[in-house]
Structure formats: C-alpha cells, structure tokens
Amino acid sequence: MVRSLVFTTQGRLHSRNIDLFLMPTLLSDTNLFLWVDLENSTPEENKYVLEDVFHFHPLSIEDCVQVSPSPKVEEYNPKEDDKFSPYLFIVIHAVDYSRKDGVFATSELDFFLGKNYLVTYHTVPLKSITVTEETAIKGTMHLARAPDRVAYTLLDSIVENYKPALDELSLEIAELEQRALQHPARDILNKILQIKKEVLHLRQIIGPEREVLARFARGEFKLIRAHLVPYYRDVYDALYQISDLAQSYYDSLTAILQVYLNMSSNQTGEVVKLLTMITVITTPVMMIGTWYGMNFQNMPELRWKHGYLVAALVTFASTLATYLYFKKKRWF
Amino acid sequence: MVRSLVFTTQGRLHSRNIDLFLMPTLLSDTNLFLWVDLENSTPEENKYVLEDVFHFHPLSIEDCVQVSPSPKVEEYNPKEDDKFSPYLFIVIHAVDYSRKDGVFATSELDFFLGKNYLVTYHTVPLKSITVTEETAIKGTMHLARAPDRVAYTLLDSIVENYKPALDELSLEIAELEQRALQHPARDILNKILQIKKEVLHLRQIIGPEREVLARFARGEFKLIRAHLVPYYRDVYDALYQISDLAQSYYDSLTAILQVYLNMSSNQTGEVVKLLTMITVITTPVMMIGTWYGMNFQNMPELRWKHGYLVAALVTFASTLATYLYFKKKRWF
Amino acid sequence: MVRSLVFTTQGRLHSRNIDLFLMPTLLSDTNLFLWVDLENSTPEENKYVLEDVFHFHPLSIEDCVQVSPSPKVEEYNPKEDDKFSPYLFIVIHAVDYSRKDGVFATSELDFFLGKNYLVTYHTVPLKSITVTEETAIKGTMHLARAPDRVAYTLLDSIVENYKPALDELSLEIAELEQRALQHPARDILNKILQIKKEVLHLRQIIGPEREVLARFARGEFKLIRAHLVPYYRDVYDALYQISDLAQSYYDSLTAILQVYLNMSSNQTGEVVKLLTMITVITTPVMMIGTWYGMNFQNMPELRWKHGYLVAALVTFASTLATYLYFKKKRWF
Amino acid sequence: MVRSLVFTTQGRLHSRNIDLFLMPTLLSDTNLFLWVDLENSTPEENKYVLEDVFHFHPLSIEDCVQVSPSPKVEEYNPKEDDKFSPYLFIVIHAVDYSRKDGVFATSELDFFLGKNYLVTYHTVPLKSITVTEETAIKGTMHLARAPDRVAYTLLDSIVENYKPALDELSLEIAELEQRALQHPARDILNKILQIKKEVLHLRQIIGPEREVLARFARGEFKLIRAHLVPYYRDVYDALYQISDLAQSYYDSLTAILQVYLNMSSNQTGEVVKLLTMITVITTPVMMIGTWYGMNFQNMPELRWKHGYLVAALVTFASTLATYLYFKKKRWF
Amino acid sequence: MVRSLVFTTQGRLHSRNIDLFLMPTLLSDTNLFLWVDLENSTPEENKYVLEDVFHFHPLSIEDCVQVSPSPKVEEYNPKEDDKFSPYLFIVIHAVDYSRKDGVFATSELDFFLGKNYLVTYHTVPLKSITVTEETAIKGTMHLARAPDRVAYTLLDSIVENYKPALDELSLEIAELEQRALQHPARDILNKILQIKKEVLHLRQIIGPEREVLARFARGEFKLIRAHLVPYYRDVYDALYQISDLAQSYYDSLTAILQVYLNMSSNQTGEVVKLLTMITVITTPVMMIGTWYGMNFQNMPELRWKHGYLVAALVTFASTLATYLYFKKKRWF
C-alpha cells in the first residue's frame, strides 16, 4: 500500500494519496513537500517509488527492502551521474503494539529524508505512522509540515511507544522479585532468564538507536535545520533514559537470580538439617533398643527388676537433651 | 508558590517576593539580578513565569516541568525570532532529607541560569534552597549576589547534603558485615541486595551529575565568569569523591555477599559433618547389637560366659577409636 | 595452480589462464586488468608470480605465504628503488564449506589489490573465489570488471558465506537450550562449552575483520574509487550484524549454562529430599520395632493383650502424619 | 609546627627555621628559595603562612586543610586582583610507616609549588619529608636546591616508601595461598577478603596518583623546568609498576579465593563420601542381622546346623566385596 | 663481559671485541657503526661504557642497570650541556630458554639505539643476542649492518622465541582439558590456577611490549629509517598474534575450570544418589525385619504357618519394585 501526503512549503495540505504517476511531477515542484508512506508494499510499488521516482542509491534501496537488525543512519550525496538529490537514509526499530508470546517484538521502519520529501517504509502497520500522519494533517502549526519536522515527530512517537513496553517489563520484574523471595519454585529460573533475554534484546536495539540519534542531536546533518536540533536532542535524551532503565532492569534481574539461587540452595540446606535432626533424635532409641535386643544368655541388666524402666528413662533423657540442644541452636 | 529575591548589581538586596506582574519590568533593568524560586507551583504560575516573563525555549520548559531521571546541562542561544537571552538549563538531583522506607530518595531541581537571573524549579521543599536563600540575604560579601555565584552556592549545598546519606549507608554496610560473619541468617541476603540496589541507584545519579559539573569545571560556559570556575571545580571534586565512595561501598557489599554465601554453605557442610559423625559413632553399637539379636539356635558366642562382656568391650573400644579419630581430625 | 583472468579497461574479457611468461607484458599494458588466483600453488609459482612479476614487498610476500591468524590490511607505497606500484595487501578469513568435527573452521585468503591487478592467494579451494570468477566472466556490467569492484564482490561473498554457519550454530544453541531444561545430562556441559569456544573463535575472527572493513568503509584507501565506498560500507554493515549475532549467541550460551548448572544442583537437592523423606517416614516403624525387640524380662507392654495392636496403630498413625506433613509441604 | 629552609638561587643554604615574620621579606627576595613545612600546624599558623604570607587562593587553602581522599594537581594562575604568583597545588598520599591493625594506612601530603618556594602541609610526621630535608641540606649538588627539584625528590621518596608495604602484602598473600591449599579453615576467607580490600584501597590511591604524575611526566606545567621532566617520568614509571603489582596481587587473591571455596566444597564432598561408605559397608550386617532377628516360629534357617555360619560368611563376603569395590573406585 | 662489533657504513666488518679504550675514538668516526653488548658486566664496565663513552642520561642508565618489570621506550634528546647525541632507550623482555620449575620466566634486555651505535645490556646470556650477532657477522647484505636494522633483527628474534613457550603452554592446556573431563582429581585445580597465573603473567609482559612496538610500527621515531618501518610493523603483528593466543589460552583455562568445578560437584551428586539408593533399597528388609523382631506375646503373624514366607515375599517384592523404579529413572 502506498499512501502519500503533499504539503505546500507554506504548510498547507495540498493533496492526499495522489496517483503514483503524478509523483515525479510533484517532486520536481520545489514549492511542495511530499510524504510517501510504503506499508507492506509490493515489489513493483517499491521499484517504481524508490527507483523510478526518487532514484535512490541501489544500496540504500537494498538495505530498505531487506530486514536490518541494527538501526543506522547514512548520508547519501549524489555524484555527477546520480539522479537523486542529497538524502539521509535512516533505519530505526519501533516496538510492537503488544508483547506477543512474552517476546519483546520490534518492527523496522526505514526513512528516506530529503530536502522536500520524506519516504517511510515498513511492512506492518505502525501506530507511530498513523498518529504522525494525523498530527501532520490536523496540525495547526505550519512548522510541523516540513520533512525534518515530520521525521522528528515520527522519531519522538516511536521512542514514546517504548515506554508502555518498559512499564510492563517493570511489573513483571517486580512480580518475579516477590516470587523469588516467597516461593522459589523451579520454573522461576526460566522466567528470569527469559526476561533477561528480552532486556538484553532491548539494550541491543536501544544502543545503536542512541548512536543514530546522537548524530542528529549533535546537528551533524545539513538536511536537519539548526533550530530543530534541540528537538532531536530531546528525543535522544528520552532514549538515553530508556537505556538507563534497561540497564537498571538488567541489574535487578541479576539480583533476583542471586536471591533465587541462594533460596534454592538454602532449601537443600534445610532438608539436610531435617535429616540430621531426625537421625540424631532417634539415635538413643535405636542404640538402646538394638543393644538390649541381643540374645546373650548372660545379660544381667535384662534380669534387673527396674532394668526396663532405667533403659526407658535413659532413652527419654538423652532424646530430650538432644531435642533441647537443637532448640537452643535454633535449628527449628 | 513563587518566591523571588532581587539584588542590585552592586550586591544590595533590592526587594523580596515581588508581585509577579512586576517581574518583566525588573528583568529588563540591567542593574538588577533576579532569583525566582518556583516551589510546587501551579501550571498557571509556571506558564506565566517560564513562558511569559522569561520566554524560555518550549523544550526546556517541558523538560523542567516533567520528571527527568538523569541530570543534564544544556545551553540555549536565541535565534533571530526568539525573545530570550542566552541561558543555561540545568537538571540536578538533590538527596532528600531522610531515607524513607529504606530507599535512597532524590528529588529533582531545575535551574535556568541567565546573565541577570536565576530561576529554580522544584516540587518539594529543599533544604539547599532555603539555606542558599538565607546566605544570599544575610551574606556580607556582595560577590555572593550574582547568578553564577548563587548557582555555585546551591550546587555546593546539594553536594554537601549527599554526605549524611552516605554516612548512614556506611553505617548500615558495617553492620551488615558484622552480621554476615557472626550470624548469617536468611534475611541478610535481602538486606545486602537492597542496599546494593540503593548504592547502584546512587551511582546512577552521581555519574551524569559528575559529567554535568565537569563541564562547569572545564569552564565550558561563558555565563559562568572565569574566576568562579575553580569554585565549580571544587564542587566537581567533592562529587568525584562521593562517586569514589559509592564505588567502594559497592565493592564492600560484593565482598559481604561472598562472605554470607560462603558462611551459609559452610553451615550445610557442618550439618553434614554432624550427620556423618553420629552415623559413624553409633555404627559399632548398631552392628554388634543387631548381629547378636539374631535368633539362630546355634550361636556359640551367646552361650559363652563372658560373651556379653566381650561384646560390650569391643563396642566400647571401637566407638572410642572412632571418637578419637574425629577428635584428631578436628571435626568438633 | 595459477589461474588468471585478463579484462580490458572497457570491461571485456581479454584472455584466460594465460601463460605465466606473458604476465609481465600484460601487466605493463595499462589498458588491461589482471586477476591472478594462486590456489595451493608451488613455491616456484609463488616466487615467480609474487616476486618476479609483481615485485611485491618481501614482507607482504612472507605474510601471504605464512598462515596469519588475524585479518589485516596494509598499504604499500613504493620507495625510489622499489619496482612495484602502490598496492593494498589484505588478509581475510573465509569460513569453510562445512563444519567438520564440530569445529568452526576458517581458511585464509590473501589479496594484493593494485591499480590494474588483483592477486588472490589461498591454499584450499574457496567457494567465494569460484562464484566471483563466474560473476566476473559472465557479468553483463563492465563495471564489475575493475580490481576494486572484483575485490568488493569477493569480500561480499565471503561475508555472505558466514551466514549458513551462523544458522547452524543458532540451531544447535536452540537444541541445547531445550535439552538443558528437559534432560540436563552430564554431557551437555561439554557441548555448551565447546560451542561457546566456537562462538569465541568466531568473534576473534570477526573482530579484526570488522576493523579491516571499517577502514574500507571510511574510504581510507585511494585505490578504492569513491563511488565504491558505499558498497564496502554495506559489507561492513553485514559483518557488524554477524558480530552482533555472535555476541547474542554468546549471551544465550551463558544463560543455558546457568540453567544447566541450576538444574543439576536442583537434582541433587531432589535426591537429598527423597533420602530425608524415606528416613523420616520409616522412623516410627524402626523406633517402635527396635524398642519392643528388647529382651528385658520385665516389659509389661509385651504382655498386654492389645499391646501389639496399640503398637501397630501408633506406628501407622505417626507414619501417616509424617506422610501428610510432607504432602502438605509439597515435597512430592 | 612550622619548619623552614632558605636557599640562595646559587644553591647555598641561607638560613633555617626562620622567624615567621621574616617570611614575607625573604619571599620577596628573588635570589632566595623558601621551603616551608607545616607539620600538624595550628589554625593560626596555617592562616598566617598560607593566607597572609603566600596569599594562596582560598579554595586551595580549604582543600589543603581539609582531608581529601583522592590525589590531584591544580594550576593556579593569578587574576588582576590576586596577590599570589602562579603556583601548583598538589595533593598526594604517602603510605604510613607501618601497617597498623592490618590496615594499609595512608596519610595526605599537600604541596604548594611556586617559582621560588615550596610549601608542604601534613598532619603526621612523614619519613619522606625528613629524608628529603636532610638530602636538601647535606646535598652537594646545588641543583638539588630548587623548588621543582625538591618536589621531585619528595615525590620519589613517597613512591619508594610504597615498596616495603607492597612487599609485606606480597608475603601475606603467599602465606594465604599456602594455607588455602593445605588447611582451608573458616577464618581464611575473612583474611582473603580483608587483604583484597586493602589491595583495592591501594589501587584507589595509586590510580589518581598516577594521573597526577602523568601530567608532570608529560611536561604539562611550566613551573617544572624541561630538563627535570625525565625525572618526573621516572617517578611515574615507578608508580606504574606499583600499580601493575597491585593488579597482580588482586588477581592472585581472586585465585586464592577460588582455591579456598573449591577446597571447602571438596571437604563437604569428602564427608558425604565417608557417610555413604559407612552406610554401604554396614548394610550386609544390618540386613542379615535384622532379618534373622525376626521371631517367626517357622523360620527353617534358624534351626539349620550351620545356619549361623552361613549367615556370617555371606555377611563377611558381601562386606568384603563392598570394601573392594570402593577400594577400586579409589574412594579412600 | 663486554663484546663489541664495528662495521663501516658500507656494511663491512671493521673489527671485533675491540679494546674498551678505543671506543671513544671509533664512536667519533662517523664512517663506523658500533654494537656494544654488555652481558652480566661489572659496575666498572657499566660506568665506563654507559657514562664515559656514550654519556647517556643518568636516568636511562639507572633504568638500564635496575630491573624494570615493564617494557618501555623513551626518546632522549640532548640539551645544550648534554654530551650525548639523540638516542632511544628501550626495555624489552625476552622469554628464557626453558620453563624452569613450571614458571614462565622472562629476562630483561635493554637497548640504547643511536644514529651510529647500538648498546645492548642484559644479565643472562640470551639466544637472540647470539643469533643476531652471527647474522650480523655472516650476513651477506650490507643493509643488515645498520643500528636500526640490527635492532629490528634482535626484536624479531625475541618475539620468535616466545613461540616455543606458547606451544608448550598450549600442550599443557590441552592435557588439562582432557584430565578435567576424564578424571577430575583434586590436584587439577592448582594446576589450572598455576597455568592461568602464567598466562596472566605473559599477558602482562606482552601488553606493554605491544605498546612499545606499536610506536615503532607507526614510525614515530626519526632514528628508525622510513623503509624499515614495515619490518617493525611485522614484529608488531607477530606480537599481536601472540597476545591473541594468550587471550584464547586464558579463555580456555576459564572454561576448563568450569568443567572441573561442575565435574566435582557432579561427583558429590552421584555419591548422594548412591547413599539414597542404598537406603531406599534396604528399607523393606529393615522395616519388616525390625517389626517382626518385636517380642509382643500376642503377635498372631508370628504363629501363622506361612508367616515367614509371606514376610519374605513381601520384602522381596517391594525391594524389586524399588530397584525397578530406580532402573527406570536411570539412577544407575
């Protein structure tokens, strides 16, 4: 699907979802700004828009169409025989609407940002795109209708969308912490390691994304007008805080793991204590019982009048002593 | 609540808690220096002071009003159509008066530092603000009444306030160390991990705060007069030492954790030793007792005159031998 | 074996596998581009081609002929008395066709890249070489027939060939994860450590390889024409992603190891639980059985009419109580 | 206590322990060099010397009088209204004469190094100061009597004094290693962790001290004459080696800890082996003894002529078999 | 012992082991190149050669004569009143011929490299020196007879000599890996930790040595002619690979340690399993045997005709059931 929005440089909405064959004409009109959104588009649409209309560099088209696991930004400046004007090619990862199957899923969004156009490419519908489109159409400020400004709004929205996913992670981690302390069952380990994996995955995405935005925040690109740089810096700051959060989640999970492992080793320790206690406490009964079960003909104690009583008392006393010893040592 | 202090450039106190509607007039008077403190102010007050009086950049206003987990400093220089004069926007975190619920709480303080004004913004009452205000009013040195000097006094006071919290942490760590060695109970692990979390939290705040102050210490900002740079460097040094302390606390906690885990594994080892010892020591009684409890008709030992005595002596001798063996091996 | 391909600067195929003695003549013809491939060549061939025809620097010849464990790139510029023209010497490691004996094998490929020649040197047949040769011969674009372009195609093909090996690793890791959770047998540890070793080995190769390609991607070398730099950057990106993958494999293996170790320590815990349970449950039988096995003449209980019944009931009741206690504590 | 030494620029000793009131006069004489040593001086002495005589910057005086946990060097250049000449302020930590209470104690030494003076400040007597003073007085070379040269001699002496403390640490570590292997008692863990703490403390001091000396070694300060820079580099090298030693001590302690933990877990393993062995070896006696202790009226074996003999032989044979099995498995 | 070699700048051998008193004369002759080798020389020889003949800077002489644990390179440029010409002072560590007492021993080699001389200083005989001397004398290429070239040959030879030691380490590590898997005895831990220590020691030497050679490889020093820089880069590469090897050895040892610790904890787990199995399997015999060993007068089972048979069958059946249960659970 190819959606498009055309604005005048004065910021008025010119037209919407124009015919693909009008694109080259509109693009060459320097009074207009074009936003073309390719969502799950066909190879033919891709070829027409990316190659024939915008004449992007073949490598950036390849990178756009393929799946790229790591965010990046590249500046393309035309050489003599190239037909395109200078543009930025940006790969960024938006977080998906919901955590499906307990996996922190992300989906790629590619930008081509030129002087008077913005081309966005993605395979699944993205909330950030819809929201930004609405803002751009309804927006009262004409300022919001320039390619670098729309790109900022998109990036800001993408970064904002990370936050609910982080909140969910935070809740799960708090619950795990509770469980690790109160009922350290065997399945908790896998849960801990799985969430750790997700946090690691998050950090792997955020890391290069921060580097990409740092370059915008430093005002490295001429295509971004100087007075918009503080806005990009703001997005960078938000990402920086997400990255800090991810790090603190990671540290929490490491601590929870330690609690769990200690709890589980404590359990074995407790079981061994119980075994030892039972063994020790039954020792007097077993010793005396076994001893006087012997069948020697000449065992004088057996014939004493109070032999049995004495044996019972000795057994009881030593059992009691053992019991009190453990009580004092706080074994139970 | 909006508090304000007005000084002349000669350092005399001009007026206090002035009417909000006088602010623009006083601000435009180049002979005056304005300190406006917004404490838990209403959105209307914020809008009036930050936007209408000082015309700050919308992004810095947004950052100020929102909660920012990480300290930062940003320089804003006006463009043609901006109404503000150059200013520094600083986000810093002061430590709270008391550690509530065992959590090392911090609260945000935002600064706007201009040529002839200082605007501070915070949601809870801060000791540093009160103390600095008093110093500024009562201070005999007129030097103390310039925006960059007041900002230094504030920062210095904030950093100083970290120290009591650190002392408390230090005491708790020393107590934990004692307990881990003498009575390694199960609850100590959670205590260790909780304090470790707090120290990590402290490090997370101190880290970016140091970076912010390093920029002041290097004299990066024109709004800070050169002869004040050594003062900022001094605050930076104090923060550096706090950061060192936090690192050493962290290392101590790691060591305490190791002691605790070893102590707890040693306990299990001791219990197993006890079990083994009891088993081994009772073995002669059990073996001989069980053996001569058999009912074979033809067991000559049973009919010997001293059979019982011999059995008792053999049992006693081997039990004693086992006992002495463990004694020699220092099992108890 | 010495294979060679000669193209004209217009990109037409001039000749193939030419006589070695023609090489100097063809090399001095500035209208031609020479690709010489030395595969498992004899020392005489090496000497003739590398020294007598191309006059390469003795150090680069030595590095080429010897095995170098780490990739590198070096620029050689001739001094007055040197006979060679400027060239790049590149050592890169291609992954082998198949993982033999569970070892992630790589084989070295050396390049000499000059203005009008490319010399490749390797000891085993490489798929990348064969494929690139075919592309160069059959290729319709004359552009593909320049030394820097052919070198790019080779590097790209080498990096692409890493991917199947990575997929295989990924499968094995997923299988290990499954097994560690379901049946943590003793042999799994060695398997984990062995694959970890391979991933480490992969990282050791990829690391310097990335550094080599980064220098190409930055356009550091004059021998690579400017418009080819984005292509090299693309290879660099692919390598970067492989390096990211390797890191994530490594993290997964560390987590699997933790699962395994915990599972195996859990098993011992379970065994100890079983031992304790058996001991505790049999305790009543053993105590009462042993006690009334004593042979005292005066044991009134033995003569009671329902003595045996009472003993049996007490034993049964306490065994049942113990059983229910463990049931409640969820020991089984 | 205030000690002072006055030399002429020709290197002759001019006077010693001069009256405090003469200081300003002598200081203004450009033909003289003054070394003032404040040892455990009174606040009045400090104020007079540091403020009234030398007019040091208030911040450096504050840093000097207070305890600073981390070494540093700062360059103070006077502004228009400052009365002092350019000087370096250095904080360094000397190691104490003896390790008291097993703690690696350090004491602070502050330097003010000017063109024609050196002021040293410390609270406890320091060997380095005494030794350097003697060298300066008795020294035959007039070169040794310049502020930058005396400062070098002091720093060199301080660094040299670290070595005996390191040797002592080295001995203790070697002893610990021995004990961990031969008799891994419970107290060794605390000893290991305590020495690890000291080594960490040492590293914390050495680290910033190295940074301070690196700045001297790079010849960053104009107050140090160029031909003295190699000398400072030499001190830096010595410190670098100490820092290397500290690192290797740290690594050794980590290894010793691992040995200890393994030894202690091995011990439990051995105890469990013993328990198992005893249980298994006594099993035949217990089984047969218990079995034939039964009182069934109809137990034919009991009435066999050689019943007892057979039982005894079976018991003996199976016990022997068990014993030989463990012997073969090398359990003891 | 002082050995010397004199070459003409044309590369011919001029004289050998010349009289010490001729040195100053030969040194001042710009047509000659002097290589003086001090091996285990007397203090008088050192003083004469290093101070009186070559007038080296006192600090470099001190560094040369003393033992320096870490390699370094320093450039000395004469000041007005210095008598020496510019020279490089290099400290490098050669590996000893054999690993004595299982310790990876190194010995120091100091170089003074000037425009027309090379002074080498070492306390023990070094293979590298002997070999290089022979090469220099017999060498057919006059090129080999310049100070910077001889220094290269020496460094190359030193680095080459590391390789046999590394091969030996590699063999020992492979053997340890085998043993850790097959027979994890207690002594293996110490062996692992000892070799780890040696590898750490190796890394500590290689690290700074690489930094020293990196400076040569970058062509930082004017005393090394430009066309020799690739040769030094080659030595640097060799060292880089050794450093990579050391890292991989270290990783291997860490993995072996993990295998060993797991194997040893597995052993304890197996022992506990055996104990539990024996306890469980003997339970039926013990329970029934003890129960019917009771002496109650009224135990009807004892008087049943087939009482004993039933008891034996029940015991046998339940023992068999337990046995089959463990068999199924694969406990043995």
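Letters A, B, C, D and E mark the chains in the order given here, with residues in each chain numbered from 1 onward.
The criterion applied here is as follows: a residue touches a chain if its C-beta (ideal position, glycine included) is under 8 Å from a C-beta of that chain, and two chains touch if they have at least 3 such contacts.
Not measured: the values here are computed from a predicted model.
Chains touching both chain A and chain B: none. Rounded to a whole number, the gap between the C-alpha centres of chain A and chain E is 42 angstrom. The geometric centre of chain A is 26 Å away from that of chain C, both derived from CA atoms. Counting partners per residue, chain D has 265, 268, 272, 275, 279, 286, 290, 293-295, 299 as the residues that reach two or more other chains. The assembly's chains link up in one ring whose order, counted from chain C toward chain E, is C, E, D, B, A.
Chain A contributes residues 57, 59, 62-63, 68-70, 72, 74, 76, 79, 186, 189-190, 193, 196-197, 200-201, 204, 257, 261, 264-265, 267-268, 271-272, 274-275, 278-279, 282, 285-286, 288-290, 292-295, 299, 301-303, 305-308, 311 to its touches with chain C in the complex. Those residues of chain E lying in contact with chain C across their complex are 181, 226-227, 230-231, 233-234, 237, 240-241, 244-245, 248, 251-252, 255, 258-259, 262, 265-266, 268-269, 272-273, 275-276, 279-280, 283, 286-287, 290-291, 293-299.
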